[in-house]
Amino acid sequence: MSIFKYKDKNVFYQLDGNKDNPKLLILNGIMMSTKSWQPFMETLTEHFHVLRVDFLDQGQSDKMTDNYKQDMQIDLLKALLDELKIKKINLVGISYGGEVALSFALKHQTYVQRLILFNSSAYTNPLLKDIGRSWIKAGQTRDGSLYYKTTIPIIYSPSYYEAKLEWMQKREEILTPIFSNPEFLDAMERLTLSAESFDVRDQLKDLDIHTLIITADEDFLTPRKEQEYLAKHIKNAHWMTIPGVGHASMYENPLLFTSLITGFFLVKQETYQI
Amino acid sequence: MSIFKYKDKNVFYQLDGNKDNPKLLILNGIMMSTKSWQPFMETLTEHFHVLRVDFLDQGQSDKMTDNYKQDMQIDLLKALLDELKIKKINLVGISYGGEVALSFALKHQTYVQRLILFNSSAYTNPLLKDIGRSWIKAGQTRDGSLYYKTTIPIIYSPSYYEAKLEWMQKREEILTPIFSNPEFLDAMERLTLSAESFDVRDQLKDLDIHTLIITADEDFLTPRKEQEYLAKHIKNAHWMTIPGVGHASMYENPLLFTSLITGFFLVKQETYQI
Amino acid sequence: MSIFKYKDKNVFYQLDGNKDNPKLLILNGIMMSTKSWQPFMETLTEHFHVLRVDFLDQGQSDKMTDNYKQDMQIDLLKALLDELKIKKINLVGISYGGEVALSFALKHQTYVQRLILFNSSAYTNPLLKDIGRSWIKAGQTRDGSLYYKTTIPIIYSPSYYEAKLEWMQKREEILTPIFSNPEFLDAMERLTLSAESFDVRDQLKDLDIHTLIITADEDFLTPRKEQEYLAKHIKNAHWMTIPGVGHASMYENPLLFTSLITGFFLVKQETYQI
Amino acid sequence: MSIFKYKDKNVFYQLDGNKDNPKLLILNGIMMSTKSWQPFMETLTEHFHVLRVDFLDQGQSDKMTDNYKQDMQIDLLKALLDELKIKKINLVGISYGGEVALSFALKHQTYVQRLILFNSSAYTNPLLKDIGRSWIKAGQTRDGSLYYKTTIPIIYSPSYYEAKLEWMQKREEILTPIFSNPEFLDAMERLTLSAESFDVRDQLKDLDIHTLIITADEDFLTPRKEQEYLAKHIKNAHWMTIPGVGHASMYENPLLFTSLITGFFLVKQETYQI
């Protein structure tokens, strides 16, 4: 168990795999934690030295008390990499983690070898902001069942949700008590608020890193248009879409998820003499 | 103001336009009422004799007390048409109203000339059911603001929501008190529950009516796959999609909405000697 | 049979329907003629006074000898409307006819009430230009069978082509002798060349007419991106797509084709008080 | 330079990379040869022992005289693998090569570790067959320029074709003499004919190999519906699409092409404990 001090806060992180492998930093979605990546670690550590981290207000990292902006998480990552003397990483994030990854790459471009953005966007549009507000209001009722129904179904594709109904019901049982916990809900509220002002649309033109952008065709939170915007405005963008998959794409097709990361970060060659 | 007695309940309906025109019956989405169609009446009455109706638990129709199935609304429509001695209608519905329209057409096929389904599906899939459950739980808090944020943003496309932000904020002001009203919320709960068991997948093969199916490409409640299923299983299906538009498609592009209804119901010819 | 003199050339046109109805001008695709619209006339004349015309080098209009630009066809239309004292038309075109329609609307905006573009684009991109060149080269061999195989299959969707295989084979029998006729092939060559320099991208911003843009999802000659461009750059654009249909969309779904024209041109109301 | 005798014919093949790496067999599209893969070899040999082969009538392999079925190429591959004592391969093909790959996997399932199909289909539909017939007829004229215009532009996306116009013109100069060569054109005719009866739709249910299916959204020869069919009927199918790319997807985005192959074949883990 590794702890890093960021300002006066404990930040939990984990490093796995052979340290001589290329570095991979993988960033959590808003409700995730370092533990959420466990199912993928066997595969990811085969080729990478993998760094995971719980953002502040996530998992085993400290909770905050006041509100903050997402930028804080970016500074935290920068400090962590410097502490670990890591100068170059392959960076992948999903949803909230994708937004942090993109902001990080824009601010600290020299640290990033390549970038993969799953289910991400270039800004928090007003509709997504208001969906966030519905989550916050649901959380403030302290009713775990309401919070679950408000936040969870929407992140899956209808067909996956139906196919995995039993698993979903088990998840509901596990998550409802957590989603009733005021400390968790307050942290979720701060995390949600921290993303409200995210907007890097004007900076995308400055990104000069090969970036893989993944759309899940049934992602209803960060739908296709968001990634189309990224793909159109990032110079070296490579855009792919996965039919039939929702916002939690890494769960709906884990083999594709690990394959895309492994392939895009392992291939070194950039120019091809066609 | 016209009232029809269905069992012991008052059902509000309205007939507009020249009675010699072809009949058009237009069915409300779950949160709509006959009033919601007012902006379209100038156009629709130009070519049609238009019948609107508030389902039980909607608008000016009586509220129910116990739960019921959507089938009740279908029986109510049948009784209303018989009362008005209408033997043949062009039938259009959106969302909840599209599901009722489809069920009605399947059960009373001889009454239906042609059918248009906006933003509809062949069954309430488990994910949609659980989104409905989140609406019910939000309603039970009696917090109008929570209910608004949970139900309203998701029915628009992100770009429309952003472009109409001011209008949205006015709607929020108007709707929040209504969405705090226990009577309204209990009615919404019953309406929502009434759709849970909707499933006509096995019957689609029996439909023998030219049916226009409209997908809004940014509809996150009844996404494209739902209409693809309808289009694949209805013999005389005609399927179109509207890019950039969300679940409340009639608001996002009213000119297309009225054009599609007008054109599809006015064109009589079915076979073309190509 | 009506003939109009444009410069020293005979231009064939036809006016059908009640002259008190709204005017509709429908423009041919490159291989079409006024006769191609016959299957749709019963329906179109129910609500419109319909004007059809064979472009120069098409159908019963005179053949040209030298090459020309598409603009000639636009001038011809303008002269024809003036001759017929028609001041306002609803204008619809498909493919080549859609391009002429769009150019006409840009040049003579006051003549156009509304505009519908099926399977059209804002310019002849280099790939489409080279497909045209393959048609020209195939035509120069005078081998009707080669010309048929090069030009016809690609304009249908694979599923329609397969479903209508017998009909296709009959068409091949009928068309092969025509496609072996040097006069026809030379006319096709000039028509094809006349479209090469079509490019109105810079002018789209000036169009101030409600315009319905139709994409056929399996159109391989003027694919979706072409109409996406139109929809993005025309102020009052209304964009719809038809899944499963190819470039010859009016043949693949004639009921949709006539419904869209009828509805979009009959609905007068532009603003809706939502 | 390696030659293998298949029946009495010389088959050219090439083995590159470290023989202890996992085996990769990559199969040519119809107009390609082993040389076409040269730009990708630096990357592919980093992780794989790569086997390339010219089908009969391709590249440096012998020409045939009589017509044959695609099955011959499958038998040839089986014989080659046995000769090389290769028992297990990762198999990737594009277009014609994808069809051979799929047929091979169905017939010799135990030889195949995983399968990747770029721009492929489950059968040669009648439209594709007739496009093939147009190529054959164009070839029979011996006019290299006609053959080029008929076969080449259509395999690119319009935007790539436009962006690479200069490169395209150079290719036309290089290819026109080759496309005028009777021996080459006769071989192309036989290859094209050999694919006409390809149809494995009924066998797809028997495939039990993780299969990555790639759609290029602007592929006009084997469009999206073909891969949708594959994805729906292959048990362990993983389907992705690449927006803005055409039939020759490996040229239009070589970094994605190599990343997808590298990732999907390197990741061993199949089951993930989500």
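Labels A, B, C and D are assigned to the chains in the order they are written; within every chain, residues are numbered from 1.
Definition applied: a residue touches a chain if its C-beta (ideal position, glycine included) is under 8 Å from a C-beta of that chain, and two chains touch if they have at least 3 such contacts.
Composition by chain, UniProt nomenclature: A, B, C, D = Alpha/beta hydrolase.
All values reported here derive from a predicted model rather than from experimental measurement.
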Among the remaining chains, which ones contact both subunit A and subunit D?
none
Whole-Å distance, subunit B centre to subunit C centre, using C-alpha means?
36
Distance from subunit D to subunit B - Cα centre to Cα centre, in angstrom
48
Quick check on subunit A: which residues sit in contact with 2+ other chains?
244
So, with touch as defined above, which chain pairs make the list?
A-B, A-D, B-C, C-D
Once bound in the complex, which stretches of subunit B touch subunit C?
38-40, 42-43, 46-47, 167, 210, 212, 228, 231, 238-244, 251, 253-256, 258-264, 266-270, 272-274
Under the stated contact criterion, what part of subunit B meets subunit A in this complex?
125-128, 130-131, 133-134, 137-138, 141, 143, 145-146, 149-150, 153-154, 156-159, 161-162, 165, 168, 218, 220, 223, 225-226, 244
